[in-house]
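Shared chain: subunit A. Partners: subunit B in the first complex, subunit C in the second.
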Partner chain A sequence: MEFTFEFLSSLFTASLSQWYVIVPAIVIGLIIGAIPGLGPANSLIILLPFTLVLNVETAMAFMVALYCSARMGAGIPAILVNIPGTAGAAATPFDGYPMSQKGLAQRALTLSFVASALGGLIASIFSIFALPLLSRVGYYFHSVEMVVVMLFGLTLIAVVSTGNTLKGLIAGVFGLLVGAIGPDHIYSAPRATFGFLELYDGVPVVAALIGVFAISEALLMTEVKSIVTDVGKVHMATQTRWAETIIGVRMAFKRWWHIVWTSFIGLGVGVVPGAGAPIAAFVAYQQSRLFSKTPEKYGTGHPEGILAPESANNGVTSGSLIPLLTLGVPGGSTAAIMLIVIQYHGITLGPRIFLDRPEFPYGVLMAMVVTYLFMVGTILPLARYMSRVTLVPTQFLAPAIISFTLVGAFAPRMYMFDMGLALVFGVIGYIARKTGYQVSAILIGVILGPYIEQYFMRALRIAEGNPMVLFSSRIGNILWVFLVLSLVAPPLIGWYKKRKADHASL
Partner chain B sequence: MSSKDPLFTRRTFLKGTAASIALGSVSTFPFDNLFAADFPERTIDIVVPTGAGGGADRNLRAFISVWKKYLQTEFEPGFFKGAGGQVGYETYLGKREPDCYNLLYGNMGPETIMYVLQKPNYKFPGDYVYFNRCDVDPSVIWVRKDSPFQTIEELVEEGKKRTITLSCSRLPHPASIGSLSLADATGAKFNLIPYGGGNPTVVACLTGEVDASALPMANPISTKGQARVLGVFAPSNPIPDRTDNAPAVNDVFGTNIPDLPSARAFALHTEAIEKYPERYELLKSTMRKVFDDPDYKVAIEKTGRPWEFISYADEAECMEYAANMMELAKKYEPLLTA
Partner chain C sequence: MKKDTETQHGRANRRGDELVLPILSLLFAIYYLYTIKDLAWEAKINGLLIGSVLILLVLIFLIKIGIEVTRHQSSLRFGELFAWGRAQASRIGLFGLAVLYVLVIPYAGYTLTTCLFLFLAMFVLGVRSPVKLIGVSLALSLTGYYLFIALLDTRFPPGPVEKLFGMLF
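Up next is the complex of A and B:
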């Protein structure tokens, strides 16, 4: 295969010609992404009969477009009503929702859309040029390295607990305990399920997400008339129609480097089979805050707090397809469903495809590039209209959220139990919020807990129980150093700055 | 009719009463049993005790794409993964009507082992019957192509010097039992690392996190040239040309390790078989036709699975296989549980 300009140009033209499936897939993806419970994987299963009758290139363009746009769509309710559409957008409300409360929903959505599209675009273009290189990442990131990566995400518990660290840690540990429900990772035996069959595979993240974020938020909403503050309403009323969108685009482009490097975090995490968007989003948010000159602004409606997780969770999309395209082994559930369609059409993935049919793997990534280009034009104008949701009186908004999200809790597994579970988590979330415990800390524990346990137990088993295995890899050790620095440096820098200011004032 | 005509005569009353009784009796008659020709009148639901998108999903879709020609109905697979298949089985047996409109498509080997080790809330044999085996996939030990181990003897020799790490889908699995039996028989040390599914298990071996892997043969074959099969836990290798002529483990070491295939099969509530024998017969006879249909071969080849693995077996053979697996699971229970 000759990797020439002509080759890339022909792939781009071919992908562009699939616009008639890409555009509808973007619309479907945005809708399913925005509805909690309807992720891309279960939507693609429902649409399997349709994708099987299309030719494989068209089917892949459709599935890739749906997958990417669902990632972007998940950020919409996270920003507007504090409800992430999927676990991958769980870090978006940290700063997205405070912006909405200030009447800046349109700007926040624009930041999210630009970060998602640019982050996804950068990661997919880079993947095209570095595909052979990226396919090697999985060879260096094993269980030990992933334990440390997870710990980066877990340190977010401390970050979101600023103000009351003890309560934050209690909430985080509670989340980790909830995440431990389900089968143990070595013997597959169910534990702590209280006899509920529905918990044998662990606590369903969607039900937990909906309960902790959506239901508890809806219950809180009933205590106020509007989720937007009075100042925010004045701001929304006085702004010209498109001004906020233009400001958002400018803000995002002004921070282009931030989008670039956080998209690479997403790409890197996505390439590792089994890791996914929630890990990428949490790690990117944590790193963004770490390197920020104004870390104290995070959690109050800071633009970087939206750009980082959204760019990262869209950077994951191309990364997660790399194990599928290069090894022929799906790295996640969405990729596994894509593999069904690919195999149905008689295409064999793996290293040989780069000799036999290189236009296929590169074509898939190019379809992603085209999707992100189309996505900007499709969704950016809608930010203005979507932001009006925040002005809906809470007497209508709260019941609508509860009913919609309960259906969302039911959808992935079709268990009535999950609706009840979401309500239980809703009450827990409500009590937590009223008593000053961070619900985000609970959710970080629930989402990352099973991952970290799985990698940790596996690493220990490989080393026959020797805990020193955690320091046995060069890459792992480098990551440990960064982790320690990321924990120690901010308080040290803060102490140094304070000391300097004290000296100056003397 | 004149106004003087009575509305009912004694004769018409008696006729009407007799007709009503007859109609009432007919309506309570078990038509379902009598007319199997009416079956199926609606979609048949299939519980799969693993996640969507894996090998079971692909094989099942290939099978039902042809089966619907003969049964003249649609099928709806539902995926209920968790706890080594326990969630799917308990969902099927506890929450699905025993009416032949609900089937289970499982992997007899690992899921029978799971039954022995996890002691779930159902009875086997008793509550359900495996009645139609679709394939037989022998367990193997394999390494990545650039591994230093070229043969099973080299791997075992090294295992006598240090512990060899082997990725496996889960501990309660025929391939895991095969590896433990081999270690037991040769004195090699194998450390099984479960990865919770075929795909991550393959990746762990290909990316070098572990020395080797123990899985059904279809998994290393699906990597298309990235894997080298070292040994097969079967009397002979069914596809030597696609597996580097890997020998049978027993032939190499003179051991007597039992045949350890994975075998996917359809299962049905025992109660449904007793209640609706005609429906059961219809299911069996139409399923049997699938194996002789050339379209099925095409559908299977599209999934990348070797046609040589496709092998029909009836209820008796399926249940015998399951009983053997239960024996093995009991034997190795201390090694497979915490």
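Up next is the complex of A and C:
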């Protein structure tokens, strides 16, 4: 295969010609991404008959566009009402919601859209050029490394999400144990199911997401008449016009380098199967804060606190397709549905596809590039109107959130039980929010719980039960060091800064 | 002495609320460990490790709070979480309605139950205008029907409204 300018331009033109499926897919993706519980995987299953009748290139363009736009859409409710559409946007409310409360929702949305589009664009362009190289990353991550990666991610979340590491860790490990409800991976013996048959498959992640974020937020809303503060309302009434969108675009472009490097974090995490957008977003947020000149501003409505997680979770989209395109191994549920469609059309993915039909894997990534270009034009003008949601009185907003998001809890498994479970998680989330425990840490624990067990058990079986296997890999050991550092460094840095300040004041 | 501590440090140092989640976590960890006690080691090792770490973290937290209390830096009294007020009453009312909503959907269907839930929930939260109560409830429940049932094919148990629409369209 010759990787020439002509080859790339022909792919680009071919992807542009798919606009008639890409634009509707962007609209559908933004809507389903913005409704907690209705992720791209569910929607693609519903639309499977449609994708099967299209030719494979068009079907892939449609699915990729829906996947990318759903990722961007998940940030919208995270910013406007403190409820991420998917777990990948769980770090976005940290700074997005405080901006909304200040009456800067339009600016926050613009920052999120530009970061998502640019982050996704950069990662997909890089993936086109580095596809063979990136496909090798997955080889270096085996069960042991995956256990440490996930523990590292959880630790970061615990450290990042609260000022109190101990409370963050309690929330995260509590989530892990909740995620370990259900069958074990060897004998399928049910554990801690409280006698409910519906928990024999484990805790449904969507019900947990909706409970800890949406229901708890709706319960908290009863304390205020409006999301926006009085000062914020004045700001919105006097200043919010198209100018806020332009300011947001300028702010984002001024921090272009920030978007670039956090998108690479997303790409790197996305290539590793199983790690996913939540870890990428939190790692990016933590790194962004670590290298920031104004770390104290994070959590108060800092632009970089929106740019980092949104750029990273969109960087994940191209990364997560790389194992699928190069090895035929889906890295997640959405990629698995794509694999079904690809196989239905008689295409076998794997190393040979680069010899037999190179335009297919590169074409998928090019469709992603075109999607992100289209997305900017489609969604940026909407930021002004979307931001008005924050002005809806909570008397209307809270009941609407409960009734609409509980549907999301029901949709994936069609169990009424899951709606009740979301309410239980809602109470847990409410208690956590009121008492300073970060709900993101609980949710990420619930998500990672089954994965950690799966990789942990696999590693133990390979090592015939020897737990020292967890320290047997070089990459794993490096990650262990980072894990310990991430726990020890923040209090040490805090102590050092305090000491320095004390000396300066003397 | 307790009163002195309260006046000295105010409501901000009431730590009772913060103990609720750790205590719940502790109880859950004990329950989890109880349910896995007779399983094969492969089925319980993961839970055993995570449960033990959770218990350890909670104990460290309890000791930390205990030290603060003995030094009179904080108290174990509850703060905002259980404080009674108008917002708390609205919250309990809203949550009660949400529970009823989940219980009634299997019998009355999504659209009708959502309409009733929205009407009552908005009333509980202080909306008194009949036009807003009826208009918003109807508009949102019909939007929900169109989006979730007609477009996205979410298979809720059908109620009278779904059956009627099914016959009409």
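Quick note on the criterion: the second predicted complex is superposed on the first by the 485 of 506 C-alpha atoms of A that agree within 3 Å, B and C clash if a C-alpha of one lies under 4 Å from a C-alpha of the other, contacts with A are read in each partner's own complex, and residues count from 1 in each chain.
Here is the rule we use: a contact is a pair of C-beta atoms (placed from the backbone, for glycine too) under 8 Å apart; a residue touches a chain by one contact, two chains touch by 3 or more.
Small disclaimer: the values here were computed from a predicted structure and weren't measured.
Chemist: Examine A:328 and indicate which partner it touches, taking first as subunit B and second as subunit C; both and neither are also allowed.
Modeler: Touch partner of A:328: subunit B, not subunit C.
Chemist: Counting touched residues of subunit A, say whether subunit B or subunit C comes out ahead.
Modeler: The partner that reaches more residues of subunit A in the superposed model: C.
Chemist: Considering only the touch criterion stated at the top, classify A:306 as touching first (subunit B), second (subunit C), both, or neither.
Modeler: neither
Chemist: Which partner does A:59 reach: the first (subunit B), the second (subunit C), both, or neither?
Modeler: neither
Chemist: Using the superposition on chain A described above, determine whether A:345 touches subunit B (first), subunit C (second), both, or neither.
Modeler: first
Chemist: For A:187, using the defined touch cut-off, is the partner it touches subunit B, subunit C, both, or neither? Pick first, second, both or neither.
Modeler: It touches subunit B and subunit C both.
Chemist: Could you tell me if A:414 is touching subunit B, subunit C, both of them or neither one (first, second, both, neither)?
Modeler: both
Chemist: Looking at subunit A, which of its residues have contacts with both subunit B and subunit C?
Modeler: Common to the two interfaces on subunit A: residues 184, 186-187, 189, 414, 461.
Chemist: For a test of understanding, state which residues of subunit B touch subunit A in their complex under the given definition.
Modeler: 51-54, 57-58, 61, 78, 80-84, 86-87, 90-91, 94, 114, 117-118, 163, 165, 170-172, 191, 193-196, 199-200, 202-204, 206-210, 222-226, 301-304, 336-338
Chemist: Which bits of subunit C are touching subunit A when the two form their complex?
Modeler: Against subunit A, subunit C makes touches at 17-18, 20-22, 24-25, 28-29, 31-32, 35-36, 39-40, 42-47, 50-51, 53-54, 57-58, 60-61, 64, 80-81, 87, 90-91, 94-95, 98-99, 101-102, 105-106, 110, 114, 117-118, 121-122, 125-127, 132, 136, 140-141, 144, 148, 152-157.
Chemist: In the complex of these two chains, what residues of subunit A are touching subunit B?
Modeler: For this pair, the touching residues of subunit A are 41, 45, 138-139, 142-143, 182-190, 197, 200-202, 273-274, 323, 327-331, 333, 336-337, 339-340, 343-346, 348-352, 413-414, 454, 458, 461-462, 464.
Chemist: Considering only the defined contacts, which subunit A positions touch subunit C in the complex?
Modeler: Per the stated touch rule, the residues are 32, 38, 43, 46, 166-167, 169-171, 173-174, 176-178, 180-181, 184, 186-187, 189, 191-193, 215, 218-219, 222-223, 394-396, 398-400, 402-404, 406-407, 410-411, 414, 416, 419-420, 423, 426-428, 431-432, 434-437, 449, 452-453, 456-457, 460-461.
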